[in-house]
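You will see two complexes here that share chain A, one where it goes with chain B and one where it goes with chain C.
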Partner chain A sequence: MNLRWTAPLLALAMLACDTATPDGTPNENPTETLYPDEWAHAMPEDRGTATIHPTPVDVDVDGRIARRMSVDQLRRSIPVLFDGITWTVTVRGREQIGFDVLSRTLGEADYIQATSHNEEPSPLFAKFMDDMASDVCNKAIRADLEATAGEPRLVIHDEADVDATLRFLRLKLHGIYVPDGSTEGLEDLRALYDDVTAAQGTQVGWFSVCIAMLTAPELIAY
Partner chain B sequence: MKRRTFLKTLGIGAGAFMAHNYLRPRRAFAAADRSFVFCYFRGGWDTLLSLDPRDPNVFTEARREETRIELAWDQLPAGYPRTILQPSGSNIQFGPVMEAMAPHYEKMCVARGLSMNTVAHDVGRRYFITGQTPRGNTAAGSAVPTRIVAQQGDQSPFPNLVMGAETYNDGLPAFASGLTVNSVTDLVTSLTVGPGAPPAAVRDRIAAYRDGKPLCDPVGHDRRGLLTRLGDSQIKARELVESGLSSKFAFANANDSEMTALRSRYGIQNIDGVPAQAAAAFQALKYELTQVITIDATQNLDTHDGNWATDQPDNQAEGWTALAQLITDLESEPDPTRGGTLLDNTTILCFSEFSRTPLLNNRGGRDHHLATSCALIGAGVPGNRVVGATSDVGMTPMAIDPNTGAVQDGGTIITPTLVIASLMQAAGYDVTALRTDGLPCLMA
Partner chain C sequence: MSPRTLTLAVAFTLAASPAWAEVCDESTAIAESLQYLRRLSLDLRGRVPTLEEQSSVVTNGAIDPSIIEAMVESDDLLHQVRRHHLDMLWTNLANLRITNPPWILSPPNGRQTAPAYFIQAQVRRTRYRGGPVTCLDEPARFDGEGNIQTTVDANNPNIRREGWVEVSPYWAPDTTIRVCAFDAQENLTVTDERGNSIDCSVNINNTGCGCGPNLRWCQSPVDGTLSAITTSMNEQLLRYMDHVVRDDRPYTDVILGKDFEIDGPLAFWLNNQSRTGGNTLPAAPLQDHPIPDRAFTDATWQTVQRGDQHAGVLSMPGYLLKFGSNRGRANRFYDAFLCKHFESNEPIPPATDECHKEPDLTKRCGCKGCHLAVEPAAAHWGRWAEAGLIAMTDAQFPTYNEQCAGRNGARIPVCRLFYFTEADVTDSASESEYVGMLRAYVFADEARAANIEEGPIGIAESAVDTGTFASCTVEKMWTRLMSHPPTEAEAETVAELAADFANGYSLKSLIHAIVQRPEYVEAARGGE
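Right, the complex of A and B next:
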């Protein structure tokens, strides 16, 4: 191409680039500076300061939205976390699994009456999660107290070291690793344990911590 | 109520709590919202005994072959009238099992000659529950209570409470889904601190921990408010179990004068029986536990055999009697938020999956019949009105003038869809999903 025509064409191209984004869609903010020369060798810092738009709060741009654990996830997770212990309720004198007996109430679809899971954290769900946590934590702590030395503990990992046990539970129930020596994110739990233990003894102290962690959003939401 | 306020109140007011025994939940309804009670008469009712009777002096045994209608009221147990009931001033004729309901004629509209297009229990039931013809045996779309609550919004602890019946949610907001409890006992369990729960002081401390603890991921996980909603629900659940509302459904409690009075008024013998469900509906509306409640108003009415003569009248009468008491109670309970009485702001729909054949079968029972009736009571209902009819030969559905409800050749055949559309439209709700408008004659 004759060099005589190159300069005007280049000017026209730059003009076009000034009003359209690199992919060709119209620029909604024509006053905003665009750098449609990403293939050049310029470094980002050569451009000076950039305008960063805050992420709109009502737009899902950074991954999927959070969900409540489904009944089936809870049904399968709790026995894994507590060595086979699960939530049971007594119905007409018979002990049955709470997640099964109350599955509809907790929002599980049966594909006959309800074709989709109701995973809204409703008051009824929250109520029965409290019941579940009370039942499971009761059984787990009882098992811990009856365990012989050397046997793995379900809740009271190290009775002598409260923070170590809280770190253990934080990782086990919430999937959050707290390094040895750190108490980050454990302060509130420690205060809960201390307050309840002072009033009701260590067993109830661990009971309260177990319930609080089993019903925490770190476990119920993902 | 804010979380911190609630906890503070709990701490300060423990003594007051014990003294008052319950905390009435805050008034939740918007003034324009309406409450609903759906009463399902399970098994297929005999409308000749209730909503669509015939005069025994006209429809005699001698004319059975001509009319294809056989009342057989002489087989009913002693104590039931052998005549049509029609209070002075009433345009509605009631059958012998509706003695308790007859005085409520002014608040009531009876639709007769509904065509169910099915004689299968599941299909008929789902037709009425959803207002849409099922796809085969499967419900099409959401249950009517779910549709209503989806439009009303989440305004009470159990917005759509379903006791012992079916409910469906097909693509509507989750809060509108029916919260199913199988019985009054289950409802009480839902409102009671669970077995093995820690002492109240520990529960308070756990609640304070939840309150003070920062949200684990306010930017990501709470972007749509899930964590906030969970926290609010935990508070709401705690409010409910601590409020003592379960005591409002403890019908067996001999030491509570309110329970004693309810037991007496409704004739409650069994806490999970039909009268207890009607009483629970009243209490749930009175204490604003729910916006829409569905109850199982009868024991099984599927009387194909000789049990028609005994179970059908007794079970139907039990349901109607309980319902009559519910109406009386709603009518006498003031509604401080919406004005008037609870009945002024509540619509009741009584339905069954179909009716029973006008002729007895060779086993002395009645089989399934396509034409049925239903009853609408309360707010938005044209009182003291009969809409539609079944024919005097074989009780087939007759077409009506949609404006007057009078029988009209070439008119409209009433269906559950039209009844549901009328009920919703009269209350100001959108009926687009039903693909039809309501019948003017069914709307006040």
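Right, the complex of A and C next:
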């Protein structure tokens, strides 16, 4: 299975269900009818009553719902995961942080044109997350290759032990612990690494794994 | 028995043994704790946990409670709370027009057409020079009395052009820039041809008036003066809310507090430039708080105590200018602090119905369903200028102004902006009695007039006293952390949290309590 392409789609499918919101239609059965001023400062009762609606609740859930990470959470998380490395794009010859430059496109409210965040895992968002992962993984792996012996690695934790590196990445990026000796949840990643490495070498193999894990629902959703 | 069957049999045997169950439990506990840590870190710090933090959970098999406490006390939490407040109050004034073109300097363009900073507005250029031109690219000349000397244009005898002068601008006092001499004039007042004294800080028509000493009355967008002011307005509101949370003050201070901070750009704008907004943004140094004398370049914040007309964020520029009308201010208050919104269920009669001509919105069909509540609430901001920033005290703005009630009332700027004049009357029978009244008092009965006099503190205190503020704060924080508004099944829990919250109004404690609720701790794992 090619996780690079399937992971975002899985994320889309899953989150589309998780983040279903009320349809925003008017609440026709307000739960309370109040006099004009509910604290009786000004109550022109002779003119009838006004209706003030509480926020409609139209969810049937038990506990917290998983949701997509916000643009700001990604902006703050990626440097934590990659020792300061973040997503950059070049705009008019200047390298700028992608999460900032594309903030509105990614659905972040600016409180002028948009007053609420669009946190739908839309195809557009998935596309830009692919761009982000590609840029960040490229820089991270380059840093690993340039690191001197003994320096901590960002992605290629143990070049000689592929499964150990996958366990390391699974904990670091997804918060999922895979005990030594177990490969639970690593099979697809291992297959991806093996397939790509066989065709294009280890560097591209790790690059593919890094992108797959950065765009996976286990990272983007929480 | 096949190898596969044998494997399964061994697996079942192992799973049934107490030792294996222990391993399973431990593994599940680690997995759940890791996801809980991840959730906490993202919600409270806005970022994923570090590898070291996750490794500690693997080692210990659980999250150390001190980790949660550290997160709640961290500066990262303040960042998250600031995001929460941004979502509530939409704090962004970047698109606000705070002055008019006659007060805006354009930079030199490097060509003969604009060799120095100049005001591009036609009204200034034409009065100064007789046509839409800028100054000459030469030092300005003055006569013995200090009057600017001009050169008549060779092609148009009506055009007279001056040279430039060097000025230290208020936004960069250690530098000098070239400014056309008319625009750079420093006169505070001039005397017009009738002998009247003209205040140059608000006058754009007299050729003896310019931008004032150090250009103090003018803006230079390319040098960031406008954005510095609106950025300070945003920051003032947000840092106030930050500090309430950071210092664990009662969260009610957000709507009741009388202190706030002011920095150089804001103080300088209020003291020197606020009156240049004209009709675009009626503002003045009248703010019901002392305005310190600060340099525009002074980025430090100074605490100032505000007067009776103030109420937490509800009377800050970041709120009043974002929500320009009193109805808009009341509407945002209902949404942000009471968790309620206005929505009329009343059927609207056809447009031909006479009822649409009723000028009082608390009586007009289709409108009264909301405005019966909106108008009394909006009245609390009745003594704050709409679409502007002036604390309208009774001394400066009496409830009734006889001049505004006169036939020429609408020609007097202060009447046109703030008072109900004859020109506004559409229905003499019901409106005539209000001519000459401050706008907020039009159609106001005694109770609504009392709301006007109370100011926003009145509606804020009511919200706290009735418990609505506490329950709404809990509801909003619950919604943020749980990703959905409280359901009916959760109502009792939320009510308990609100009761606890009302005992001290500590937002940090509220957040701490919610993230330890089973509904949060045992949430579905993200990504699965």
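Here is the rule we go by: the second predicted complex is superposed on the first by the 160 of 222 C-alpha atoms of A that agree within 3 Å, B and C clash if a C-alpha of one lies under 4 Å from a C-alpha of the other, contacts with A are read in each partner's own complex, and residues count from 1 in each chain.
FYI, a contact is a pair of C-beta atoms (placed from the backbone, for glycine too) under 8 Å apart; a residue touches a chain by one contact, two chains touch by 3 or more.
Please read all numbers here as calculations on a predicted model, not as lab measurements.
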Tell me the contact category for A:D130 with respect to chain B and chain C: first, second, both or neither.
first
First, second, both or neither for A:V204, with chain B first and chain C second:
first
Which partner does A:R67 contact after superposing on A: first (chain B), second (chain C), both, neither?
both
Pick one for A:A164: touches chain B only (first), chain C only (second), both, or neither.
neither
Which of the two partners, first being chain B and second being chain C, lies in contact with A:S77: first, second, both, or neither?
second
Scan A:E218 for contacts with chain B and chain C and give back first, second, both or neither.
both
Overlap of the chain B and chain C footprints on chain A, listed as residue numbers:
57, 60, 62-63, 65-67, 115-116, 174, 216-218, 220-221
Where on chain C does chain A make contact in their complex?
27, 30-31, 34-35, 37-39, 42, 45-51, 54-55, 58, 83, 86-87, 90-92, 94-95, 334, 339-345, 362-363, 368-377, 379, 445, 447-448, 450-451, 454, 458, 462, 465-466, 475, 481-489, 518-520, 522-528
Sort out for me which residues of chain A touch chain C in the complex.
14, 19, 26-28, 30, 34, 36-39, 41-44, 47-55, 57, 59-67, 69, 72-73, 76-77, 80-81, 109-112, 115-117, 171-172, 174-177, 179, 216-222
Of all residues in chain B, those that touch chain A in their complex:
139, 157-158, 166-171, 174-175, 177, 179-181, 186, 190, 194-199, 201-202, 205-206, 209-210, 212-213, 215-217, 220-224, 226-227, 229-231, 233-234, 236-238, 240-241
If we count contacts the way the header does, which residues on chain A are in touch with chain B in the complex?
57, 60, 62-63, 65-68, 90, 104-105, 107, 113-116, 118-128, 130-131, 134-135, 138, 174, 188-189, 191-192, 195-196, 199-200, 204, 207-208, 211-212, 215-218, 220-221
